[in-house]
Every structure is written in C-alpha cells, then in structure tokens.
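Across the two complexes that follow, chain A remains constant while its partner is chain B and subsequently chain C.
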Partner chain A sequence: MTGTVAAPPTTGLADLLLSMADDEFVIGFSDSEWTGIAPLLEEDVAMSSIAQDELGHAAALYGLLARLAGTDPDAIAYDREPDAYRHCRLLDHGRGDWAMTIARRFLYDSADSVRLDALAGGGWAPLAELVGKIRREERYHRMHATAWLDRLARDDGEGRPRLIAALETLGPDAATVFAPLPDEPALVEAGILEAPMLDLEVRWRTAIEPVLIEHRLPLPPPMRQPDRARLDHGQPFRWLWGEFTSVRRADPGATW
Partner chain B sequence: MSERGIQVSIAQARAGAVIGARPLGIETVRSALAEVMDPELPMVSIVDLGMIGEIVVDRVTGAIEVELLPTFVGCPALAMIETAVASRLAELGPPVRVETTFRIPWTTDRITPSGLAALATAGIAAPAEPDAVHCPWCGSGRVVLDSSFGPTQCRSLHYCRDCRQPFEAMKPV
Partner chain C sequence: MSGDGGPATPAPTAAPAPTAAPAPVALGTSVLEAWEVFRQEKDGDPMRHGGSVMAPDAELAVHYARELYGRRQESVRLWVVRRGDVLDLDDPDLLQPPLDRSFKKPGGYVMRDKLAAARAQSGQAKPKARSK
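What follows is the complex of A and B.
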C-alpha cells in the first residue's frame, strides 16, 4: 500500500500510456455522441455505458501518466491542441452512421483486446494491475460489437451494405492501433510489452479474419503510413476536440 | 478525473486522545466501513460488495490505511465513496488514509452472501453468466438477457419468462 508510483523503467512508457489513453478517450467521446439518438433504447443505454467505461479507462491511464510526469490528468486530457493527441487514425473518421460505429467498435475492440493481453503480465505493476481490471470490462464491449456485427452482416435490408461500406472506409486504418511506438524495443526489453506491435497486429488479424470471412465481409488491408498513424488528425477530430474541450475552455481553471 | 487517494487530517484535538491509546482493531475499522453504503446500490454496504481490500492499523501511531477496490475503473460514484469512507473513519480518531487501487481486482465473487441477499431483496439478481441467471422475484431460470448494459456500469438487464417481470443482475466480472 504505497501511494507513489515507482520510477518508469523506460521513457517509452509515457508514449505507450498517452497513445492508449488517447485511444480510449477519443472512442469514448465518439460513442457518447449516441446518447439519446441510438437506434434502440437499449442501445442508448449500452453506448452510454460503453462510453463511460472507455472514459474511465482513459482517466485511469491519464492518471498514471500524470503521476509519472508530475502533472494533472485533466490538463493532459483537455489542455492540448488537436495536433498533440496521439490516438490512432482508425478513430479519426467521425461518428458516422450506426454501421460505421459498429464496424469501428468491432475493429478497435478486437485490436485493443490483443494489446491489453500483451500488457497484462507486464513488468510495471501500476499498468499491469490497471490492465488486469480493464480486460474484465472490455469483454462485454467485444460481445456487444460482435453481436451487432453478426446482426448487420445477416441483415437483408440496408444493414449489410452499410456495414460493408463502413468496413471498406475504416479497413485501411484499422491496424493503426498497432503502429510501432518510438521507444517500443525498450518496452519489450523491460517486459512491459510482451511483443512488438507488429507481432500483435498479426495476432489480431488471426483473431478477426475467420469472423469476417464467415460473414463474407472485407478484410482490413495493410496499414497505410504507419509512421504517421497517430498524427495528422483531420477535420472530424478537430470538430470532436472542439466539443469535448468546450466547457473546459469556457472557463479555464474553474473548479467543480 | 480526480487524483485518487485521500489524505484526511484529523482534528488536532482528537490526536491527543490517541496518544498512548491502544491502536484500533481491524474489526472495529471494518464495522465502521460496513455503515458506508454504495451510492448506486444503497441497500448494500461497500464491505458486503467486497470493495474493501487490505486494512492496516499502524501498531505505533494507530494510523489507519484502507484499500478501496473500484467495482469498475470508471465508476462515477468512486469519489463519493472515497469521501464517505474517509469521513466515517475519521470519526474513529486516528489519521486515515484511503487508497484506491487495482492491486486486487474487484470481482463479483467478492460480494458476500449477505450482500447477495440484500441485492436480491431489491430485485437485483446474483452475478452469473447470462444462461445461469435466476429471476430475483420468482427464482425461475427461464430468463433472457436483454442487454449487458444497464443503469449502472455493474448491472445488466434481463426478463423473466415465468413471472414476466424485467429485472437487473450484477454483471459478472
């Protein structure tokens, strides 16, 4: 029961925490846009609950980062310019329709699950402990995404073509979750990350391809521009950033 | 996104009373914690929910340290629970430290039998995989899962085919 976090074994840890926190933060905010307008009442509740989980994961990851850096988690979450966020390009397409949301959740949840598995036994206890807890929650997100993927893929109305269109739009960016991180070899060396990100990408493709093939859905092509995968956020993210920082910017330094 | 871990300074007047006194027993601390209810499940205490990890009372100073295990990482009630724990324990006298931790992951297996009974009385079924959930009203196993996502992060929505009532269940994690 110590209140302090041990010194980080590598500088790459901060990049890893920031990329994961920003991923969870951005997908959480995107999902929260469905609150009140989802196709079914149960989905209003489900998407809101999933968004709440993801924002909670982001808060905890920003909290670890803030303790390493001696800063404030809210400042990391809200006080950066859009270009300083390090979420992956898969999450930069805007909310889109319901099929787009399900396709994004399926691709992201399956990738995030592989990434979490590779961190759960890791050599830095504060992260490994948090990941151990997060994994138990993410299981329900995967069940939800897979059930909806199945439902839309079997739909003989507009659901299936919309799902295919969404997977074709998101596919080229799906693997950006696994874009190599700057100090990644040091993270692997320190036992924090079990294997290099590109190995994790292979595991992820092995996991999802049978599901997509069974439904005759398009497989994600190879990742475009892996070195820019967490940079160059476009207009949809700038709009989202304007939304999620608006209250903070309206009265900087306000306390609640 | 509050910084976790609350340090409570106890009224200086009380500190004097502690000096020379025997440190409190763990069970005294646990009994006080058993009076703190979950804000989202007010029929159950945080002790019965299994949210208390290790309790340590310093043999020399009498200072109390308590581990709090969040049910979900993003539980919005957590800050309220931390404050409630800190203020209830502050009444005991010695300095108090509450640490929110994932060192021990909270799981639904940690809910005590009396916690499960209190939940059932309020119409919330015991945690089980969807095909093993039983209706808290009539006990039937002929139930369907409506959604894994309910009114709070820790609950799912179900329907009983026998008594035709909707109900909630604790989501197994």
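What follows is the complex of A and C.
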C-alpha cells in the first residue's frame, strides 16, 4: 500500500491507531520471548508465529498512522522513549511463566476481538479494510489461547494454581484495553468506532465470563485507574523497550 | 516434529513403525503423541505426506499442524491423523513376493514389434516424435 490516505473525518483517529498498534507491538515482542524456550518444539513454533502475526498487525497499523501523519512507520515503532508508548497496562507485566502468557493472551485476544468487531464496519475505509483482514488472523489466536486456557484450568498438577495466580495478577488491568481514548466521542460520532469503549468492555465481559465461570476461574475486577491505563509503563516494559530498540539504536539511521 | 512442509523427507532418526505403540513422551501431566500431517498445496492436488507433529491431543495437533505446515500459506487443506490410527502394511509376502510378477506391469507387454507389424500391414509410417 502506498500513497496518501484520504483525510479522516475526525480527530482522535491517530490516538486510536497508536493505541492499537502499540498493543499489538508490545504483546508481539513479549510473546516472542518464548522463541527457543516454549514448553515443546511445536508450541515454540506456534507462539513465535503468533508473535510474528501481532508484529505484522502492528506494522500495518503503524503504516496507516504514518501515512496519516506523513511520517515513517519505523520511526513511530522504534524511536520513541518508553513513556511515549500507548499500549494498555495489561501488557506491562513482563513475560512471566507460561500460565501468565496464556492468561494475558486469553484476556487480550478476547478484548482485541471485541474492539476489532466494533471497527470492522467503520466509516473510514482504510481502517475498516485492515481490521477485516486482521480479524481473520485473530480468530486462530483466540482458538489457540482458549485451547491452552482449557488445559491449564483442567490440569491437576501445578498448571491450574499458576493460571489462577496469573489471572489474579492480570485481572485488575485486563479491562485497560477499553480505557476511554481522547476524542473518543468524535470517533463514535463519525461512525469509525461503533460504540464507546466502556460499552465494548461490557460486551467483552459478557463474552469471557461464561468461559471463566465454567472453569471456576477468577473474573477480572473493575479496571483500576482508567485515566492512567495507557501511561506509567513500569520496569518490565522499560526492559522490553531496551531489547526491541537495541538494534535500531546501535546504528541510528542505518538502512537494510 | 519432522519434515519441513515440503515433500516428505525421512525423519533424521528412525521413526517407529506406525502400528508399533509410539513411546509416550511426558510433558508435565500430559503425554505427547505423534500425529501424521498430510497437506494439499492447491485445490485438486493430491494430499501428500508433509511430516509429523507431537501433541498431547487432537485439538493441539491440528493447531501445530497449521503452524508447521500452513503458516506460510503453503497449504489449502491439512489432514491430521494419530500415528497409532494408521494401518501399517509392510509384510514382504504380501508386497514383495519372490516370484516373477513382471507380467503384472504394463512393461511386461512389449508392444514395439506388434506395432511395427501392424504399421507394415496398413502401410502407415511411424509417426514422428511430437515437437515440443
């Protein structure tokens, strides 16, 4: 895709694109930490492939944002300081053990799916078209996360207690995917976003609660500090940022 | 895991015969089994053996087959079969009997002389080799 993008009908779009791109970028890099050390070779390939999918979605979203802003997608992805990233706090916990990764994937994929559904019929064609493609890949991600959630929940060894601990750690931040965005009413007004984020949060809870209740797993409590949900990234993200920007910073401006 | 998504290649280590009970591999509290993966490259192509995956159950076996033999869009269909469910036949008495069976092959009938005689009788020349 090249060329310019027709001017979007509203402000707030750049914030939406940046939040989604950063979410996909950060979970992609977090999951790529399993490459080489996943529980079995097949899962190593699967998790690495899913991580690559997420980076691909991030690249497409950064590309859309870059054309909107007339900048370079790589610069958006790699040249910001850690505080300028706008991913949600759910993705700020560090990789953790396998149960943490599965719990995070389950919570994030289910939330991302609701968010994508609310954008797929949107009034700005470049985003609606991209979301249509991303949705088809995310379907497999949800199948994969749910398959593992089922197995850990039913495990009579250490899998179940680890999964419960992970859900309790991530729970208060799970809904941060739906933290209200600046200028969100304008996005809804313009028909880009089908409903306010807090309505989407309700849809997401309706979707995941039966699964969690069936397995007697803890439900995510209400979101804490929604106004700071995409700010204040802590040490685990600063470490990850150091990793994923290290090559870029080693020789700024280098071309490949 | 074996194979690379391309034509079937022998596993680097000798795979157990399909009907032999594969040695179970423990992963935590679950047990891994071997699953054979067949792939179709495009609609209408035959299903070809792609390789195998290890997985604790059918659902994850399908996921792993998708990742190892389909993530690069190299397949339009996969068949995933538990290795223990494959019916194995390698009995030499049934497959490689000792007597001459060449008459069961098309090559067992030499047509050249009969064709030459028929042409001579009808006065036809031997057709030229088809040009490429």
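Here, the second predicted complex is superposed on the first by the 253 of 256 C-alpha atoms of A that agree within 3 Å, B and C clash if a C-alpha of one lies under 4 Å from a C-alpha of the other, contacts with A are read in each partner's own complex, and residues count from 1 in each chain.
The rule is short, and it goes like this: contacts are C-beta pairs under 8 Å (C-beta built on N, C-alpha and C of every residue); 3 or more make two chains touch, one makes a residue touch a chain.
Since the model is a prediction, treat every value here as computed from it, not as a measurement.
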Chain A as common anchor, with chain B and chain C clashing or fitting: clash
Which superposed partner A:Glu33 touches (first chain B, second chain C, both, neither): neither
Identify the partner contact of A:Arg151: answer first if only chain B is touched, second if only chain C is, both if each is, neither if none is. second
Under the stated touch criterion, which partner chain does A:Glu42 make contact with: chain B (first), chain C (second), both, or neither? both
Could you look at A:Met143 and tell me whether it touches chain B, chain C, both or neither (first, second, both, neither)? both
For A:Asp183, using the defined touch cut-off, is the partner it touches chain B, chain C, both, or neither? Pick first, second, both or neither. neither
With the two structures laid over each other on chain A, which partner does A:Glu194 touch: chain B (first), chain C (second), both, or neither? neither
Superposition-derived comparison: chain B or chain C, residues of chain A touched: B
So in the superposed three-chain picture, is A:Gly159 touching just chain B, just chain C, both, or none of them (first/second/both/neither)? second
Which stretch of chain C would you flag for clashing with chain B, going by 24-32, 78-86, 96-104 or 114-122? 78-86
Once the two structures are fitted together, what part of chain A is touched by chain B and by chain C alike? 42, 45-46, 49, 140, 143-144
Over in the complex, which chain A residues touch chain C? Could you list them? 39-43, 45-46, 49, 140, 143-144, 147, 151, 155-159
Under the touch definition given earlier, write down the residues of chain A that touch chain B in their complex. 1, 3, 42, 45-46, 48-50, 52-57, 59-60, 62-63, 66, 72-74, 77, 125, 129-130, 132-134, 136-137, 139-140, 143-144
Could you pull out which chain C residues touch chain A in their complex? 1, 27-30, 32, 53-56, 59-60, 63-64, 66-68, 71
Residues of chain B touching chain A in the complex: 1, 3-5, 54, 56, 65, 67, 70, 72-76, 97, 99, 101-103, 105-107, 146-151, 153, 157, 171, 173
